[in-house]
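Below: a set of structures, written as structure tokens.
Each of the two complexes below includes chain A, the first together with chain B, the second together with chain C.
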Partner chain A sequence: MAHVETEHLTEERYSMTSKTRNILFAVIGIGLILTIIGIFQVKGAGAEHAAEHAALVSNGHEAGLTAEHHGPSWTARVWANLLLNSWYTLIIAVCGVFFIAVNYAANAGWASGLKRIPESFGAYLPIGLLFILIVIIGGKQDLYHWAHDGIMDPDSPNFDAVLKTKEWFLNPVFYYVVIPGILLAFFLFHRMFRKFSLNEDRIGGVKFFNKSVAWSGPFIFIFAFGFSLCAWMLIMSIDSHWFSTIYSIYNFAISFVAGLAAMTMFALFLKGQGYLSFINKEHIHDLGKFMFAFSIFWTYIWISQYLLIWYANLPEETEYFYKRLDGNGGQFQFQFWLNLFLCFGFPFLGLMTRNAKRNTTWLYIVGTIILVGHWNDVYLMIMPGAVGEMAGLGLLELGMPVFFAGLFIYVVLQAFEKAPTFPLQHPYLQESVHHDVGP
Partner chain B sequence: MSYESPIRELLVTGGKTAGDVTADICRPLEGKPTKLWWLGFTISVICLGILVYTLALTSFIGLGMWGINKTVGWAWDITNFVWWVGIGHAGTLISAILLLFRQKWRMSINRSAEAMTIFAVMCAAIFPLFHMGRVWIGPVWALPLPNAFGSLWVNFNSPLLWDVFAISTYFSVSLLFWYLGMIPDIATIRDRASTPIRKFMYRFFSMGWNGSARNWARYEVVSLILAGVSTPLVLSVHTIVSMDFATSVIPGWHTTIFPPYFVAGAIFSGFGMVLTLLVIARKVLKLEAYITIGHLDAMCRVLLLTGSMVGLAYITEFFIAWYSGVEYERYAFLNRMAGPYWWAYWSMMTCNVISPQLFWVKKWRRNPNFIFFMSIVVNIGMWFERFVIIVTSLHRDYLPSSWVMYSPTPTEIGIFIGTLGLFFTCFFLFARFLPVINMSEVKSILPHSHNNEAESVHQPEVVTH
Partner chain C sequence: MANKNKKFIYGIYDDADAVIHTVEKLRSQGVDVHDCYTPFPVHGLDRAMGIKRSNLTIGAFISGTIGCITAIVFQLYVMVGDWPMIIGGKPNWGYFPSFIPVTFELTILFTAFGIGILFFIRARMIHGKVEDLVDLRQTDDLFVVAVEEKEHRFDKEAVNRTLIAEGALEIREREYNK
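Moving on to the complex of A and B:
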């Protein structure tokens, strides 16, 4: 093999153009306006729904039922949407930190030139944490059945003996202290990796690289356990009686594949703006392979959960899929099957060939489909349990993701501005520059 | 064209040339076998004899020779089956998945790991076959063949049948992958062979390989296709093995995390066995320059990772069993920890979860003696894992009057020792007659064929604005 010259690179900094900034502000603004209109629409529909119930009660139809009718109110739909978008953006952001740690731990060089993109994802973590805090404080009664008054109290008419057995986990200590604490720890890890990386830029040498490698293992370890607890508490406990051991891995699969799609699209965007000139089709190809592979991984986890629950057919487990397939006259059925197409069928067929993984426009399309698909995926995890028949797809469900997408992109690009676009002193940078996936 | 950072460890040390590679790797199979080889081989063949004897006992007298009973219908046999299948997984992981991840350190260990896969799957297959009782007819019934019983077909709904397909496909593809990858090396040995019988045998098995560009082009295409096929295979095989348990409604078996958890455990146990074999092989066959301390380090990291994944799965299972509030689930896990088989559970926890954490220490990841010891610990731990899952979930079923204990009979122990004999007999023969390292691939990663020699190292210059 011939001698490869190391490339001479100079520091490069990104600055957001006023056009980008204005578009993002517009997106955030439109998202916010749509969300507010959506909330009023939902409120109106909620009032109608309540009136219907009142009418039924006065007719004596639902008399017995309504005495303890705790059906979700319209506010549940608002809170559920806030949880959906907060959680989804948060797990994409934390994937950035995870991706960097995995690359250090695996001694991988090819992605080191792209590193500042996932690194910037971490800047969203405090905002994500803030939204989660708002949700868990404000939306507790609306979202979590186990948090209702009297559920854990044997003397109360609301007492639920099954949920009482979960009190050791579903309690304020875990809910208000441990979960936010874990999310805060993720952010602190991000700050540490970021600091190492910036110091490396400034001082050079392999000292900070070695430190990053040394801390990446512990981070992955803590991430695995902490992320599981968050997924169980924040999402799984919505369907309070139901449980599944693979659930945390399922959430991780969403986090990783959606995070990769987001990273790919940021890389394409920045390249389109004229930055990161050494990032070429080879890197994009590998990101495409990752999206392809982890879409299959997600499907593997999906089918593991579905098949095993379907096969054993135990009522306490099938309840979950029953709600999503046949519940409320098949309210979620279309979205349930669509989900498989968006998260598996489309990326699987769409990214199969080599050319597809090297085509910028096409990768934008597939990336968008993956991100929309997994938004729908998280929707299906949250809505049937938290909102049930009041759930729907209206302006609220359109506006809020638009708002969050705008906010996420803005925060990430702003963080990206604060450091050189690639880590000039990274010991594997030249490997990334000369990266070649082969024939 | 690829560039390699100067801070990366060399994959082949000792300044070897391409000629050295051929000489070093062919040496063990061209000279006379050493006394050590004869000793190991003899012990293995004796164990193989035990296998033949105990299987004959089982066949002639019947399954009553085993310790299984009405409550514990699966025990030692299926434990061994899953243990052996799991061991096989490291080979396919190394040859297929690490290939996709462009991990070049796989090149000097993939051949022996793949060989291990094949021998392990052979050992695994023995257990379900003989568990069928009438082994002369059972395998026929396990296949979806038209038969004289009218509409009597195999049960396509059963994961046990999926297993028949999964394992046989896995074995065929692994064998093909291993053999095809070896053809260029067999041709090298053929060209160096001095006796007529050697010449004939190696010529026969090298299938007319002449090293032409056309040969290589086809070789590479087939290798890529097989790698693509093997990657989903390695995941699917242990997924289906896990479904043998998880599709049931038995507490402790029926849990959705089983598929990925079994795959992680399989890779963990496979790397345990790879390390057991290679720590010795590199010493005895003098291959320290090819299977370097860096390779051992990398494999220990895989052990640490997969051991922790398995640990996460154990804790998740326990957590959810408790969270579920289902008393049967809770009891199944309490019974594992504190019931009559508590010692098996805690052996499993110690060997699989706690002890691999020692590999956080770099010094220990680079100490062959320590690694060898730990690899044995991992092998033991993963055996106990399957024993714990299978026996503790069964031995106390829904009807307390049928609660029993299980213990193996000498016949069962004999079969297990016998499969170890089969495995090591095959491995000794492999190390004697075939190249244990892929010569043609290792030649492509020799240090001088890269740009990372000391004199060509340039740190990138920094220009700041």
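Moving on to the complex of A and C:
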């Protein structure tokens, strides 16, 4: 090239303002208080529910109540909520690591200036792992039917021959060792990419870039299998008898689109605070395109799962959608259709035009809708199976996501503080700075 | 009678950046650049030329919508109206999922064809049209900047000087009969 334009950039560090910090602490506090009030509400409702059943039983309506109806208790709702929110934030955090690895593997440069944002997402992984461990250990009996006593034991009255065939996967080794191990591996990969990135800042050169490229392949490979195992074990096994071969991709689609929405909003927030001055409408436009594209990808996976089950009409498969559409007199029906609107209709029409993808305020709105929509999506994956008729939308369902959102943002911003806001020595930084999608 | 012939001045370059600079310089002098011919898309050139955003996306949206509506109407006509069919015990009316794959595919098909056809019409690339190149190598390694010679307020010497100053290999003139 006859001439090369290079922008002179200097190192820049983010520091959380006390206002941001106070707001985040307030959000975490409000979330926690609402959660605790919610737990007590749920407990009260659970006691009433139990009393009703006792009354019915004493009136002689025993048939179909005592034998079949050992329905989920109120604790199931609390555990299910904890699983929902910890899984949702965890997959968003994992998406950050995956996004970096994909960009390295694809040799993509446009996002290298934004790289520190997804990189910071990884800092949430150990906390996410901790919450998952709490759920795994505490909520086992409440959430997972296959984990009940005697299910795998041919001599027990609870014996279930169908689940016995799945014992090679649904067993304590996978449950207690492999799943946390995979999540730990994700975290270690994150540490490694982070270390390469920081060393690159310190030493420079392309050595660490090449190392990152070399390791991103193995990470994506392990991510593909590990993420699938986690989705099957933690979420799909709630509906123990049912299975779907597209389930892990479905979860991945949620992870990627929600992660991108979060990334976009972090970028907009940091830009609003006066950092990352070289990030302009071009980068925001590309992030918007990603959100748009992966909303459609999610819909494609959703319809692929729904359509095949609807068409084949096999009872053991339709059970899943029966529960979500008509179960308990259509308890989840509204949320089911709302989900399609929030995750597909709104982003599809809302992000279609070019101006929409370049408008900061609008991207905040669509990003929030996408995040709320996919929370509802995960809700629909977990609640009908684990909680059933006891499920609902109360203070607990309001408070816990608020708490997790505050915690996630706080952890990410704190990790973001610890390194320069963009990788100054990244070989593709200039490409990112001059990124241009055309008029 | 006004002269209806169009005259063009072509500057031929061998460097993409020089083309961008020439265009910027000419436009800053108040000269309208008619067009640029390059063997590959040059980043930043359309911005430098001040080209407005294409309306092709609106065409794409309209063709997609037509495809979507066509698919739905056609399926409703075939499966519900003209000869109701029950396949696999599914209700033929009131349940939509089985229509979705065809609707999806036809939307994409119409969008792809629509945008392709509209592009060819807009770019006047009709099949069989003989190419009219300034220089054969503009499809290989040369870049051409075309400036239309206007009758009024047009300083031909200044344009020539700018083209040469920015490193034109040669300058050509051509006249077209409308």
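In the analysis below, the second predicted complex is superposed on the first by the 429 of 439 C-alpha atoms of A that agree within 3 Å, B and C clash if a C-alpha of one lies under 4 Å from a C-alpha of the other, contacts with A are read in each partner's own complex, and residues count from 1 in each chain.
The rule is short, and it goes like this: contacts are C-beta pairs under 8 Å (C-beta built on N, C-alpha and C of every residue); 3 or more make two chains touch, one makes a residue touch a chain.
Since this is a predicted model, take the numbers as computed values, not measurements.
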{"item": "Combined model on chain A where chain B meets chain C, clash or fit", "value": "clash"}
{"item": "Which of chain B and chain C A:436 touches, first, second, both or neither", "value": "both"}
{"item": "Partner chain(s) touched by A:311 [first = chain B, second = chain C, both, neither]", "value": "both"}
{"item": "Touched partner set for A:19, first chain B, second chain C, both or neither", "value": "neither"}
{"item": "Which partner reaches more residues of chain A (counting touched residues only), chain B or chain C", "value": "B"}
{"item": "Partner chain(s) touched by A:245 [first = chain B, second = chain C, both, neither]", "value": "first"}
{"item": "Partner chain(s) touched by A:354 [first = chain B, second = chain C, both, neither]", "value": "second"}
{"item": "Overlap of the chain B and chain C footprints on chain A, listed as residue numbers", "value": "1-3, 307, 311, 436"}
{"item": "Residue ranges of chain A in contact with chain B within the complex", "value": "1-4, 6-11, 13, 105-107, 109, 162-166, 168-169, 204, 206, 209, 217, 221, 224-225, 228, 232, 243-249, 296, 300-301, 304-305, 307-309, 311-312, 314, 316, 424-425, 427-431, 433-436"}
{"item": "Chain C partner contacts - residues on chain A that touch it in the complex", "value": "1-3, 303, 306-307, 310-311, 313, 352-354, 436, 438-439"}
{"item": "Chain C residues touching chain A - in the complex, by the definition given at the top", "value": "15, 17-18, 43-44, 46-47, 51-53, 57, 61, 88-90, 97-98, 100-101"}
{"item": "Sites on chain B touched by chain A in the complex", "value": "1-5, 7-8, 101, 232, 235, 239, 243, 246-249, 254-260, 301, 304, 308-309, 312-313, 315-317, 319-320, 322-326, 360, 449-451, 456, 458-465"}
